[in-house]
Amino acid sequence: MNIWSALEPSQLINLTIIVPLVGAALVVLLGKNPNLRESISIATAVILFTLVLGITDNTFNQLNMATSWVDFLPGLNIAFSVEPLGVLFALVASFLWIITTIYAIGYMRGHNEENQTRFYCCFALAISSVMAICFSSNLLTLFIFYELLTLSTYPLVTHAGNKNAKRGGRVYLGILLSTSIAFLLFAILATWVSTGTLEFTPGGIFTDAQSSSLVSLLLVLFCYGVGKAALMPFHRWLPAAMVAPTPVSALLHAVAVVKAGVFSILKIVIYIFGIDNLSQISTTDVMLYIGAATVLFSSFVAMTKDNLKARLAYSTVSQLSYIVVGALLASSIAFAGASLHIVTHAVGKITLFFCAGSIFVTTHKKNISEMASLGRKMPLTMIAFTIGALSIIGLPPMAGTWSKWYLVVGALEADKLIILMVLTISSLLNVAYLLPIPIRAFFTPADQRSQSWSWSETSEAPWPSLLAITVTSVMCLVLFFYPQPIIELVNLIPGVSTDINGGT
Amino acid sequence: MTELIDLVLLGMLAITALRIIFLKDLFAVVMLFGIYSFLSALIFVNLDAVDVAFTEASVGAGISTVLMLGTLALTGRKEKTNNHTTFLPLLVVVITGAALIYGTLDMPPFGDPDNPAQQHVAPRYIQDSPQEIGLPNMVTSVLASYRGFDTLGETAVVFAAAIGVLSLLGLPKHEKAAIESGLKSHLVLRVVAKLIVPLTLLFALYVQFHGDYGPGGGFQAGVIAAAAIILYALVFGLPMATHVIQPTLLKALAAIGVLIYAGTGFASFFLGGNFLDYNVLASDPVAGQHIGIILIELGVGVTVFAAMLSIFYAFAGQAERANIQ
Amino acid sequence: MFEQHSPVLPIILPLIAAPICILLGRSQLAWLFATFISALGFGISIGLMLTTLDQGVLSYSLGGWEPPWGIEVRVDAASALVLCVVTGISSLVLVYAKESIAKEIDSSQHTLYYTAHLLCLAGLSGILSTGDAFNLFVFLEISSLATYTLVSLASDKRCLTAAFRYLIMGTIGATFILIGVGMMYMKTGTLNMLDLAARISEYDSSRTLNTGLAFILVGVSIKLALFPLHMWLPPAYTHAPSAVSAFLASTATKVAVYVMVRFIFTIYGAEYVFHTMGMDTILLVLAIVAIFKCSFMATVQSNVKTVLAYSSVAQIGYMILGISLVSTLGLTAGLLHIFNHALMKGALFMAVGAVLLRTGSVDIKAFQGLGKQMPLTMAAFTIAGLSIIGVPLTAGFVSKWYLVTAALEQQEWTVAFLVLAGSLLAIIYVGRILEAAYFKNPAEGTTYKEAPLLMLIPLWILVFANIYFGIDTSMSVGAADTAAQWLTQPSSSPATALSVNMGGATQ
Amino acid sequence: MSFIVDYYNYWIVVFLMMAGFYIVISANNLVKKIVGLNIFQTSVFMLYISIGNVSGGSAPIVADGITRYSNPLPHVLILTAIVVGVATTSVGLALIVRIKRAYGTVEENEFEDKDDLI
């Protein structure tokens, strides 16, 4: 599993950040030759994934990996170290990058997009930032790459370059930069001034020396400061970002960027506040209920959207809040559920986005109302869509089952029945806004003629895209039957366990 | 007695200033300003500041007034009435004035020899400078030696002003203008001017080199010499003047004056002293001081003469242009 | 042999070079010579910086007369830091100027431009190095006169009214400083800064000294364009030639901030200014109003140079805010922002100058589509713009970090939040320009070439400096921190020959 | 009474300064502004010279039989300041000449748009 065992473990971290950068540079250099450019993209993605696998292997072997780049300020440096939660996220992001690149080749060519070099280059830059966020060992490093991620995805969001793209980009950048500067940076600085450290430390860094009101305030600031987690009312950027080409929406706005947001919240909760201390903070419940409200409210909004990508976007907002809720339940098992949800939601939602993109490329249809009887034309795509939707809803035999299960158990353990109800209602709402799409595609005839269906009717998306869709939908199934490695990884997170009552 | 004269002069100044505020005729305003300058020069004399009085008279009442008149000739002599609100400026002035009055309440009494200002640094200039520098005029000693760096800066300011005016207005080309200019038709003026100009130049030289012993020095001398040429230009016309002293030469002279001054400073470098340390210029420190002061006063004189004259040329050149048009 | 004279060289080299430029006559020669002198000054300044950090304060007696009788040039870490900024920016701007002024200034005046630039540089260096309060006034006037000239060199007639307004305001400011220095002299009998400090500390409070301080602070505030005395700055920076805007925006106001620091911390002492007079609250409020009012003004301008000018006033607010926090950390933040802001604003104005050169306009419409047509220039503008916003890995982020930390250290939570909120406005005004550059299409049928190499090189040097000092902060923060420590606790600065001297002088 | 004798000089000087300052900020005509600036500065010079005055002293030029001299330092400072003043004046006036040529007026309220207002 670890083909990089010859290298020193800490070098692996550097490589995960640098390899995508090199990839980006090569993409720019080879921009004139599309075949070469895209081969490089895939090769980089594959290398990156093997690197992350190597890191995963080392993590299971309890090897410490840490590296420090520069001393930014006295007592504060840009440094990286590996911990299980980060590995989990890195695995998801790097694996799905391969798939997305394959998909993107089909999509971008099928759609004859312009500026493809810029697209692949920024994509690699964004992944590099994501890796740095995964392995950041202090808040400063996290913040720096969080901002770089925002900036490197901005050109992707505004890829089309038209008026809509500009408006979307404005909202995107405006909300993400504003919240991060006004709240997140403020919270980080306040933490720095009051505790003198920003290191991610198991059990948290706040002690009795900090007043409880300060810590409560900081929790709110952190939750809202991480605008990428799309907690209401700062969720508007995510639907706005849907002007981007679908591969971007798929990877970044269903996986990398938004997950970087919730990942940051998870990391802050566990390593800055500490799960155990969470219940003593007065604002935890406030944020918890705001998260719960976001879950419900955005599900309702999703139901009203006819545009498929917009509906998926609001669904993402809702699902992200699951993770926030899981983090703030102050229960070890809920936290495990939240961590797992990063993985399961990622494979489920990326499948849905891939399908949406394929539909758009093949039929140029954006709206759900136009998709009647699409199952005749794109049966494979629509089957994949069904699988993804079931996973998001959390029905067996799909991956989403596990994370929802743990979240529900966590809510019970924390004695928060309201949250339990919210989770249940939200699952029903998921059914209500996701399942009608495949049902409509398969069972509503477009017109009155009722010929029997034959293969010749089909016109699927280009084969690379189809391949990607197949892989992710299979993943949804595989992760249901074989979730063990992931769960083991989650159990390595200090203070987190999938066993009831915190395990042993 | 001194106090009484002081009081009377100050009263006259106050009246002049008030009149200037309300007058709309700019020509009168500028003339009143000249009077204001002269009156303040008198006050300076009364307060024993003879060098300052000399300078104020030649600069404030002389050069500044001439330049203002030159400007008025180009811009018109009437200030137009305006509907500006006077409330805000008045408020600002009253507040500033009140702050100053508040500040005066703690000031050491006027003229008291025991004031801090007279106690700390100044006594050395009064007691030791005649020995250390060897000059009777303490003002020159302080100006040229103890605070010679200030004076270098001052020379640079004059040079900068010349650069500024030249870049804004440009120098007149020295060529015979097609039309008659100046006041050549007035015989009396011509004769008087012919008499006065050389005398003034001679006086300038006297002021230049006598500054060590009495009031005067490079700055005043430069201004006076410039005034002589200005008079010449006024009577015989700018083209004649530019023929005598070419504008490009003036530009070079202004630069050379600064170079003489700074060069003296650099000479101290090479002779092992600090910048502007004249002691090292000769074997005997006092002699060295003397050489140094003569050199830098020369630098000041040359720069001021050239700068003031070229500024005048620039203004006069504008007026000439306006006349031609 | 010049080493012992190094404290005075940054002043007199440009001072003597200016008349030589006039004598050289040809503008090409003048350009080469001025650039050489400026670069030499930069080298000496860096040397001074290293020496002061290593050995402490350098003192040099002009004319061999020991202070307080003679004039002293006194270079400490604070002076050396700003000196490096001024000479460094000046060198880059001079390199940049050759191509830039070719279009903006009439060719007959190029030599005058270089001369005025050198005079301005000499004046600014003099202000930074002198240890004498009156000498400071003289150098202030040299730099001011040169500045008025520089501003008025542009071909647009509006530069004239801008320069005139600047002249009137600037002279009022200088005269206020003169009044203040006079009042200080009246109570102490000395003009040397250290000597003044020693003698002022004998007074608990004195009306004359209070008034003197008030006049000096108001005068300096005009010079540094502190809100609401900033009205001269936007037109001056808007209508001046681009090279001049780039130079002034990154040096002139910074030097004025330095003067304020000098008067507050060295001469009067923070105790007197902030406790006895309660100036900190006033400065703090003005700084915050400046940040918001002027950032907002920047968001509604259509002339990009005006946008940058208003942004400058807002950024000056940040510097003053650092000072008004009355702590070593706050002062460090203020000094650091002087350094960092020079890097960003210099780069921004240079980029705009390049646009002006190619398109002939600096209206925001002129930026449409430039992202494709002048990619290098606009990339530089983007990075410098991100630095203004305070995005991580740029110099601007480091400034913000220190400012907020300093505010939080003083338990000023609201202030800390406002500092960050202020940068949100920067997102808007920078974003508007970037949107025009990257999303709008250029007007029909216009194609512009990339800026000439001689402009791109200094521009990109500044951009790289923005990134470098955003990542490796040891140099900039180290110098600012040392400077702030010495300013706030004079006793912690290494003993020097002069302080021994002074013991005798103040008897 | 001695209070008044001690300070009348300063007070009148303050009045003169403020008269000059008022002209600078209230005048509509640019030339008049410059005149005001000169009056303002000249009055400040008087403040300095007053500081250096010593009752019963004489001009600071060594002469036999005189023991008490006025303070030469303020004189030196003001010599420099006067020069600075005339330098500023000449540049200001040159600007006015150019403004007149460019705008056709030197009255502040007659400039074309708000941006040009001084």
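Lettered A, B, C and D in written order, each chain numbered from 1.
Everything below uses one rule, namely that a residue touches a chain if its C-beta (ideal position, glycine included) is under 8 Å from a C-beta of that chain, and two chains touch if they have at least 3 such contacts.
For clarity, every value in this text was computed on a predicted model and none was experimentally measured.
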Next on the checklist: Taking each chain's centre as the mean of its CA atoms, which one is most distant from chain B?
Outcome noted: A
Item to check | Chains linked by the largest number of contacting C-beta pairs | outcome: B-D
Checklist entry - Using the average of all C-alpha atoms in each chain as its centre, how far is it in Å between chain A and chain C? => result 45
Item to check | chain B-chain D separation of Cα centroids, rounded to whole Å | outcome: 13
Next on the checklist: On a C-alpha centroid basis, what's the spacing between chain A and chain B, in Å?
Outcome noted: 75
Checklist entry - When the centre of a chain is set as the mean of its C-alpha atoms, what distance in Å lies between chain A and chain D? => result 70
Next on the checklist: By the touch rule stated above, which residues of chain B touch at least two different other chains?
Outcome noted: 100, 104-105, 107, 115, 117-118, 121-122, 125, 147, 150, 153-154, 157, 160-161, 164, 168
Checklist entry - Which parts of chain C, given as residue numbers and ranges, touch two or more other chains? => result 134, 138, 141, 145, 148-149, 152, 179, 185-186, 191
Item to check | Sites on chain A at which at least two other chains make contact | outcome: none
Checklist entry - So that we know how the chains sit together, what is the shape of their touch graph: line, ring, star, complete or other? => result other
Item to check | Touching chain combinations (by label order) | outcome: A-C, B-C, B-D, C-D
Checklist entry - Which of the residues in chain D end up touching chain B in this complex? => result 5-23, 25-32, 34-36, 38-39, 42-43, 45-46, 49-63, 68-80, 82-91, 93-98, 100, 106-110
Item to check | Sites on chain A touched by chain C in the complex | outcome: 70-74, 78, 143-144, 147-148, 151, 158, 161, 165-166, 170, 173-174, 177-178, 181-182, 185-186, 189-190, 192-194
Checklist entry - chain C touches which residues of chain D in the complex? => result 17, 21, 24-25, 30, 33, 37, 40-41, 44, 47-48, 51, 73-74, 77, 80-81, 84, 87-88, 91-92, 95-96, 98-99, 102-103, 111, 115-118
Checklist entry - Which part of chain B faces chain C closely enough to touch in the complex? => result 99-100, 102-108, 115-122, 124-125, 145-150, 152-154, 156-157, 159-161, 163-164, 166-168, 170, 251-252, 254-256, 258-259, 262-263, 265-266, 269, 273-279
Item to check | Of all residues in chain C, those that touch chain D in their complex | outcome: 134, 137-138, 141, 144-145, 148-149, 152, 157-158, 160-161, 163-165, 167-168, 171-172, 174-175, 178-179, 182, 185-186, 191, 235
